[in-house]
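Below you'll find the structures, each written out as structure tokens.
Both complexes below contain chain A, partnered by chain B and then by chain C.
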Partner chain A sequence: MKNRAERQPLPLMLLCWGFVLIWLITAAFPFLWTLWGSFKVEADFFSYADWMNAVTGTRTIQQTGSAFTGAGYEGAWVEQRFWLAVINTAIVTVCVVVISLTIGTLGGYALARSGFRYTFWILIAALIFRAMPHVTLVSGYLLPFFQLNIWGYLPTTIIVLVAINQPFTLWMLHSFFLSIPKDLDESAMVDGCTRFQAFRLVIIPVMWPGVVTTGLFSFLLAYNDFTVTSMLLTQENQTMVPKIASFLGTVQAENKVMYAVAAVVSAMGPLFVLVLFFQRQIVSGLTAGAVKG
Partner chain B sequence: MAQLRLVNVTKAYGDYVGVRGFSLDIKDQEFLVLLGPSGCGKSTTMRMIAGLEDVTSGEIWLGDRMVNNLEPKDRDISMVFQSYGLYPNMTVYENIRFPLKVRRVPAAQQHDMVMRAAQMVELTEYLDRRPAALSGGQRQRVALGRAIVRKPTVFLMDEPLSNLDAKLRVSTRAQIKNLQHTLKTTTVYVTHDQIEAMTLADRVVVMNRGEIQQVGTPTDIYDMPANTFVAGFIGSPAMNLIEGTLANGSFTAEGLRIDGLTTAHSGNVTLGFRAEDATITRQGGQIAAPVYSIELLGEASMISYRIGGALVSVKAAKDYRAAIGEIVEASIPAGICHLFDTASGKRLGAA
Partner chain C sequence: MRHRTFFAFILPSLVVMLLFIALPILSVAYQSLFIEHEQAMTAVETCDPFGCKTELRVDAAAMEALREAEPMGKFNGLGTYANSSHLAFDELAAIWRDSPSLGVAFTRMLNLPLYKALSFTLAYTFIVTPLVIITGFFIALGVNAIPGLIKGPVIFFSLLPMIVTPLIGSLVLFWMIDSNGILGASLQRLLGDPSLTLKASPTLTWTVLMVYGVWHSAPFSFIVYYAGLQSVPKDTLESAMIDGASRWERVRYVIIPHLLPLTTFIALMQLMDNFRVLEPIVGFSAAANATSLSYLIYNDLRGAETPLFGSAGATSMLTICGVIILLSPVLLRTWRDFNRKTH
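On to the complex of A and B.
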């Protein structure tokens, strides 16, 4: 039985639930709508006649003989070679995450343990660079990249994305490291570790939730980036997000818009898997301070 | 031999000097306690011995090796930290084994060594637990176990008891004393608690403001404090200190006169005596003043007076009672008195 103190007045309960419901609809509905619509033909999903067509799929039945069709997916993946963009995205995100985390953990640790005052200024500088619009970096890079003839390749994009992402990973990991008492490093060193062993054997295992959380944010930045990838990559090297944009922008012929819808749904999948998989680490990382001896 | 020698060790942070000219020989198997108020440089000294802090100048010798430039791991020491410094992601067993693993002790010996250490600190039932599931006292014992699992040349303990509650502190204190006796390892122990220092130490180093004030056995420190700082720091209550003037073997201060001091000094001096050396008397006492307060300690009653600006305590029998404000006499014979130079604080010979 609930005790008196926990019981809440009915209007308040209704208000709370109503709020959650509104939030759920505004946040989740577009996704569900897109997912549902991706299996229809364009005439239904973008119907001029009646929006209910997208639900019932009248035209879809007329055109394909079934209420659901995989035509959008087939077109995007096979005809437009969306799988290439998927591979490119995988390469870019994995590289960005690995490089950002390596530099971020080492740098964050060094900054957190350094007693010098310049660490503060480094972090402030990092914050300023983080606050700048991404496009500033890109416009500055464009000309040198053309002249050096390295424009359009994946490694170039990876470097730029790491540069954009690094200040944030440094900040985040720095504060995680600060929450780990210095005594831990020191007892490891007295116990026989070098500084680096102390970092690898003692600090990183304790830091794991923080590393996972930071890694996830880095992943999202690289995965969702449009500014950098759209401007720095050639057509065949494009990652998913600019690819989807190009579906919407240039392939305006009948039915091609559905390619974009199908591609969008395909791009959402990995995110759900990732969040579900790392859910526990992310939560403990976000609530931090999980490092009490 | 596990002899530790510090020669003129100094630590400076810019203009601020944390430890100044610390020189000391620590004998093999000795239990040495560094005692002082917070910020006196005792922890810094220990951290320099451990190698966690660079030495600004001077030399630290461990046996016949000069260790100034060695990494902590190469100094063959083990250390217990105030906040324990346990690895939260490892079990008790793994925590204790960690130093062996990192130092590549053959795997076959590791288990026996861990079990022996765990037995010594009475942790055999908790080996599978993580530090978070242990009480403060148990965590402290894990830290101890990790320190004793291998045979280091020197143990360093940085206020290991200060996070424990009073009762646990007493029992863990006894345990540390016993462990050190069994293992016969040279130990340096840092504390601000003078009772810990008195009970544990073979020798005590009293420090203040980065400098050694006195080095000696607990008895030396208690009975023959080298200066007013040590006198006022050691003992509970600390030694009574009264400023006054000395002439022809007679000490005079406001409301107090003590004759028959066998000393050739004269001028401004500070007179000290311990509360338990003085006695309450019916008449003829050197102090005859109203009682400022009376505290019942159980094993004794503590009478205090206000003499000049200072609060002066005298220990009386446990059934002694007096009202506040009542005039009570206390006898302070010349024989129990210590004399210090008021200006320098230094002890004056032959009191």
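On to the complex of A and C.
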């Protein structure tokens, strides 16, 4: 039975429902609309005369003979070589997640287990680093990278993304490690483990939820990055987001804007799947910093 | 943990941060003191049947040699900071002298590139952040009141605007609000103004960018507040009710104080993220009506034929100063807490 404090009068209930419903439409409608529209021709999706055209696909039927067309996807993936960007994105995100978790768990563990004064300063420095706009850092990379001749390659971008990721990863893993009792690794060390063995054999197995959550956020940062990838990669090495940004101008001029729409929907796909499967971890990750930090 | 073990564990992470975050900041500071070489000109005499004339041409070989000798460019001291596309001291002085009133002076000042960008960045930061906090709070209250079964799907859809890449999210909204898109066309019809487009109207551009900002970040504050609501002490709520507190009074005096620490956290995160706003300006192609500090740097590096490292460096340094001013209340408080703890 519901307790009295939680029972709501009808008008308030309706207000809550109404508000949530409006928010849901605001949050979801743009994506559903673009997903639907990506299978139409440009004259329908950008129909000045009547937006119902995009729903019924009047022009799409006139031009292609059926109400749905994959022309945008074909143009983006084949003609604009979007598949190459997808492969690059896969390489970059996987490497970034693996490297930042490896060095991040080591660092986060050390920060959580030592009570030295400088631990505090390292965390504060990480916070300041976290606040630096990425584009200011990138403007510092470009010239040295040109001179060292390492500009434009995927490994350079990967290591830069790992570094930019590190302050956040450290903070998050630090707070996850704090929630694991100290006795666990101390008893392992009493039993004869070295510090590293205690970390690898005792702490990491119980840390998996925290590692997975942090990994998700590292993935999101690498996948969603625009500033670093758009400035540090050559045309062939571009990942999805800068690729879309760079062919946006050309396709708009050539009346092939549907290519960009299709590419955008393609890039959204993996994110949807991610939220679908890892909703719980994302929610716990967002709140970890707030509740514990 | 001994010092040696501590450093062995944290070394890789520390090295990466120093090399790619701390060092670039120094490199930016150094870069900002230089400007690009002027074009080296040589006089070339060309003769044809009608006579000879000399003209100036860019001497590619000399330029190459110059770049080889001084790869950073020409030393300019603090000149880049003072020039017209940055702090613009001369222009400010002229405006101060010539303007009939303070209002006019202010409008003229906002036409200077750096001040224009600064005004949008600050407006964006300080309008979007409170709106995100308020919107997220009310969504959390609303979702908390609906039955548990549909909370999962609601949270799924709520997360989407935040998870989706900022550039992609802004493109999705841009295509809808563009004059041919569903919202743009409807808006024109609704207001009876067929000339209303993002390109033509600065007000609309600013509004749309800020709406995008709230749309993108509200899920974050919603999730944090929603998690906070689960831990509101039930007995305090009940005793407040026994004392005769109305529904609103319970929200005001029990729930809001309970969520206050979370608000500080959200505000801090949002201030940091909103201050670096860049992707929406690219996505909405809004640079004509609204630029941000980050966009100025991006444009210096990408827009020009050769990247303007000096100019980008100067703007970067000014942006970093901005970030430090923005963070200083937090840093000061942590510093005081830390001192209180250790003494």
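Going forward, the second predicted complex is superposed on the first by the 266 of 293 C-alpha atoms of A that agree within 3 Å, B and C clash if a C-alpha of one lies under 4 Å from a C-alpha of the other, contacts with A are read in each partner's own complex, and residues count from 1 in each chain.
Convention: a contact is a pair of C-beta atoms (placed from the backbone, for glycine too) under 8 Å apart; a residue touches a chain by one contact, two chains touch by 3 or more.
What you are looking at is a predicted structure, and each value in this text was computed from that prediction instead of being measured.
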{"item": "Clash or fit (per the criteria above) of chain B with chain C on chain A", "value": "fit"}
{"item": "Which partner reaches more residues of chain A (counting touched residues only), chain B or chain C", "value": "C"}
{"item": "Touched partner set for A:Val206, first chain B, second chain C, both or neither", "value": "first"}
{"item": "Partner chain in contact with A:Trp51 - chain B first, chain C second, else both or neither", "value": "second"}
{"item": "Which superposed partner A:Glu186 touches (first chain B, second chain C, both, neither)", "value": "first"}
{"item": "Superposed model, angle subtended at chain A by chain C and chain B (C-alpha, nearest 10 degrees)", "value": "100"}
{"item": "First, second, both or neither for A:Ala67, with chain B first and chain C second", "value": "neither"}
{"item": "Contacts of A:Leu137 with chain B and chain C, given as first, second, both or neither", "value": "second"}
{"item": "Which of chain B and chain C A:Leu220 touches, first, second, both or neither", "value": "second"}
{"item": "Partner chain in contact with A:Ile87 - chain B first, chain C second, else both or neither", "value": "neither"}
{"item": "Shortest span in Å between Cα atoms of chain B and of chain C, once chain A is used as the common reference", "value": "9"}
{"item": "Chain A positions touched by chain B in one structure and by chain C in the second", "value": "291, 293"}
{"item": "List of chain B residues in touch with chain A within their complex", "value": "50-52, 71-73, 77-79, 81-89, 98-99, 102-103, 131-132, 139, 143, 146, 156"}
{"item": "Residues of chain A that touch chain C when the two form their complex", "value": "3-5, 8, 12-13, 16-17, 19-20, 23-24, 26-28, 30-31, 33-34, 37, 45-48, 51, 54, 102-104, 106-107, 109-111, 113-114, 116-117, 119-120, 122, 124-144, 147, 159-160, 162-164, 166-167, 170, 195, 199, 220, 223-224, 226-227, 230-231, 241, 244-245, 248, 260-261, 264, 267-268, 271-272, 274-276, 279, 282-283, 286-287, 289-291, 293"}
{"item": "Interface residues, chain A side, partner chain B - complex", "value": "181, 183-184, 186-194, 197, 201-202, 205-206, 291-293"}
{"item": "Complex contact set, residues of chain C against chain A", "value": "1, 3, 5-6, 9-10, 12-14, 16-17, 19-28, 31, 71-72, 138-139, 141-143, 145-146, 152, 154-161, 163-168, 171-173, 175-176, 178-182, 185-186, 215, 218-220, 223-224, 227-228, 234, 237-238, 241, 247, 261-262, 265-266, 269, 272, 275-276, 278-279, 282, 293-294, 297-298, 300-302, 307, 309, 312-313, 316, 319-320, 323-324, 326-327, 331, 334, 338, 342"}
